[in-house]
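Submitted below is the structure of interest, expressed as structure tokens.
Letters A, B, C, D, E and F name the chains as they come in the text, with residue numbers starting at 1 for each one.
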Amino acid sequence: MLRAIMPGSFDPPTNGHLNLIERATRLFSRLYVVVAHNSQKSYTFSAEERLEMMADLTAPWPNVEVHLWERMIVEFAQQVDAPVMIRGVRALSDFSYEFELSMLNKGLDSAIETIFMPTDARYFVLRSSAIKELVRLGGDVSTMVPSLVERALRNKIRPAAEVDKG
Amino acid sequence: MLRAIMPGSFDPPTNGHLNLIERATRLFSRLYVVVAHNSQKSYTFSAEERLEMMADLTAPWPNVEVHLWERMIVEFAQQVDAPVMIRGVRALSDFSYEFELSMLNKGLDSAIETIFMPTDARYFVLRSSAIKELVRLGGDVSTMVPSLVERALRNKIRPAAEVDKG
Amino acid sequence: MLRAIMPGSFDPPTNGHLNLIERATRLFSRLYVVVAHNSQKSYTFSAEERLEMMADLTAPWPNVEVHLWERMIVEFAQQVDAPVMIRGVRALSDFSYEFELSMLNKGLDSAIETIFMPTDARYFVLRSSAIKELVRLGGDVSTMVPSLVERALRNKIRPAAEVDKG
Amino acid sequence: MLRAIMPGSFDPPTNGHLNLIERATRLFSRLYVVVAHNSQKSYTFSAEERLEMMADLTAPWPNVEVHLWERMIVEFAQQVDAPVMIRGVRALSDFSYEFELSMLNKGLDSAIETIFMPTDARYFVLRSSAIKELVRLGGDVSTMVPSLVERALRNKIRPAAEVDKG
Amino acid sequence: MLRAIMPGSFDPPTNGHLNLIERATRLFSRLYVVVAHNSQKSYTFSAEERLEMMADLTAPWPNVEVHLWERMIVEFAQQVDAPVMIRGVRALSDFSYEFELSMLNKGLDSAIETIFMPTDARYFVLRSSAIKELVRLGGDVSTMVPSLVERALRNKIRPAAEVDKG
Amino acid sequence: MLRAIMPGSFDPPTNGHLNLIERATRLFSRLYVVVAHNSQKSYTFSAEERLEMMADLTAPWPNVEVHLWERMIVEFAQQVDAPVMIRGVRALSDFSYEFELSMLNKGLDSAIETIFMPTDARYFVLRSSAIKELVRLGGDVSTMVPSLVERALRNKIRPAAEVDKG
């Protein structure tokens, strides 16, 4: 079977990410989950925290390796000799953005194929940003993220105070 | 008739918002206009200013109440026992975002129905952000916002100086 | 509460339609389900068959009436004095088409408001045309349509023969 | 490596299809190109003609097999034990339709994964229907289809006569 | 100033078409309105009827010429030496289709530039097909088409009979 | 021929911008390239740097003038008496945003027509932001921007250090 990489910022990992990883482990001989870090951007969790959470969560799958990476994703694919890059696409997401990114990467290394895997309908609304907003507002996210991520979120994000001045 | 809520940041209220509110007052027995405030975000007008402007502008409709709210919108709907949440959708807006938000809220309380009301064609381009940019550039926004909002905008936003170095 | 109409060709009714109807019955005092018939178009089921199936399926809800209609939908709304027209919108459907239709109807009678209700995620793929294709190919549609519709489909559509000439 | 299927009507095969097949042959141990035939639809080329053209064009790749199939595509995947179904997606195509189809197939057999491969930018405009229209109008399609397909098109489709009554 | 062509099937011409033509006459020295006819397709009005209606309606503009054309549109542009092809685009229309068509035409003659002109908001819903459906249903289309077109439509299309079997 | 303006932030100019300018110089008698500057926004290159780069790059075309402008674009068009505003649109870009902007400008001065010119397929992925990200990551952008822009980018943006802690 093939080697594949799955890049993302995973800030934090969600049940949607893990569903995609689980499905990909059945198709590829080795799956490199790449925690992409851009020093220009701000994250809720540090690069090391994201790496560690993802490593813990993917421990059950023997053919998954988790790496932290700060350079171009195609360079990672070249380094581990993986000809496939997997991107999850949601029915409601901006497909144009993903298509454009795939063309950009194709221009950087035409030997690496981007493939899109459709997100499972149960996870259509699991954007990491929405989950963090829910935690801030005191909402229940237990069906959206693994429990270790839920605990980490509750430690990072303090809920907003209650206000009604109507 | 039904009770309904209409949430938004209303920074500031526009003629598009008021058109939607006016149409909704004819369908629902009581309409709660909810000025949503997120302490993590920055606004042009403070929560109190937005509340006050909206209260003044909706004074003509006896079945409208305006509230300020900093928590999850579904909690407001539960508190006032309103089973309907109204969202205006513009032909040119990101419908996917609204759909996703409605699914997220459905997950939080399945008894609350989001309904989308199409924006009137006259108000297709009235994004609050574009109106503020126009005021900054000295443009005429008198057909886009009520006059009390126009005055408030002119007080808040100082026009850019004139420059042509071509 | 309000009176509302829900038009469609319902060729045949699906579980998605019934989910929408069930949710609407809780919001409106009376819901008119309008089986729209256009003599220029061809259908799998006759107007009378569609009317009868829909009447049977909506019998559990006392505030639902089913009607057959061949003229402009706004005329039906006027006749029963219903100021709201409900359209289900799927995340994956052509929202532009629905928006355009709502503007057209607004032009015909500005007093009638179109509201869009988002389809439940479980029913995202239930286009009537896809269901009929599945029946033709011998697929299982028991989770997609009520059993009386499934039986009617099996009577109408003869499965394709098995062929493999590869 | 993995076995995969690539279904389509291929009426006729284009350079875009062949580019996709060529890229897929490098990722999968065996690629089943499935010429889907629906007896309810009309085609420019018969099922046998499409099968034969595709078999000729894919002869250079030893790991490609071409089959004709009239039933549900998931049944073919089950029969040849291929867990992956490949769909080419064009930047300009209706991604929603493809997403919906993938969800429908997932519902029929959750073990079969649909993956989307982005079409190469050179082939963005190669819809089979546009190519046939060009042939009818006497246009040059030599960069769009293999020469055997071009000859077959010229035999099938008679060009329109020249008219200018302006 | 430039010469430009504006192709369409104009089955029939609408107020939206005429608004676009009027705006284009101010930008271009000569505007060729091209009534495209495809002998494979069926139309409500014959090629000659569409040509005649368009000629009558554009008579007020001295720099407009109307032509009937059955071949590739780029050939017409070449024949009259017009480097610009105008396409009206509606906010609610399928922009992808127009983009694809422009790429196809660019491939046929790279010297001819397609430019898109946005449709005026008043005419967003004026698809010719919707107008014909309205006429069939006895609706008022007097704000959508010129009066000569309205008369022609009433002669062509017989209204549906009134039916209510609910 | 006509006078036209082409506004943009050009931070920095790309090969996609220059391709569009080159094509527009053949259609219009005079083309005003307008470097738009908004003092509220942050740019990689200063207004003067962007103006100077654009002036250098368009020097080969005698009918191009480059200007810096901080006010409403319609005011520039009025000042130079240009009735046409050109916007490049990419197949993958947010067409809705461009349509909305054109409607907003139409509201400010109905005599100025926005026309959209489709971006050449070779330049579909050339967003200025993606190019800057590539430079930061040490990628090759020599096919995406003119060499003077590439040098300027390498001076402005320091590449990220190499990190792999997987």
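Convention: contacts are C-beta pairs under 8 Å (C-beta built on N, C-alpha and C of every residue); 3 or more make two chains touch, one makes a residue touch a chain.
Bear in mind the structure is a predicted one, so any value in this text is a computation, not a measurement.
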**Item:** If a chain touches subunit B and subunit E alike, it appears here
**Value:** C, F
**Farthest chain relative to subunit F (centres taken as mean CA coordinates)** = C
**Request:** Examine where the copies subunit B and subunit F touch and state whether the two sides share over half of their residue numbers (same) or under half (different).
**Result:** different
**Message:** Suppose each chain is reduced to the average of its Cα coordinates; what separation in Å results between subunit E and subunit F?
**Reply:** 32
**Rounded Å distance, subunit B centre to subunit D centre (Cα mean)** = 47
**Fill in**
Note: subunit C sits from subunit A at a C-alpha centroid distance in Å of 38
**Request:** Find every residue in subunit C that makes contact with two or more other chains and list them.
**Result:** 91-92, 96, 99-100, 103, 121, 124
**Fill in**
Here the pairs of chains that touch are A-B, A-C, A-D, A-F, B-C, B-E, B-F, C-D, C-E, D-E, D-F, E-F
**Prompt:** Which residues, counting only subunit C, touch subunit D once they are in their complex?
**Reply:** 92-94, 124-125, 127, 130, 133-134, 136-140, 143, 160-166
**Prompt:** Tell me, which parts of subunit F touch subunit B in their complex?
**Reply:** 34, 37-40, 47-48, 51, 65-72, 96-97, 99-100, 103-104, 107-108
**Prompt:** Within the complex, which stretch of subunit A touches subunit C?
**Reply:** 91-92, 121-122, 124
**subunit D residues touching subunit A - in the complex, by the definition given at the top** = 1-2, 23, 26-27, 83-84, 89, 91, 95-96, 99-100, 102-103, 106, 113-118, 120-121
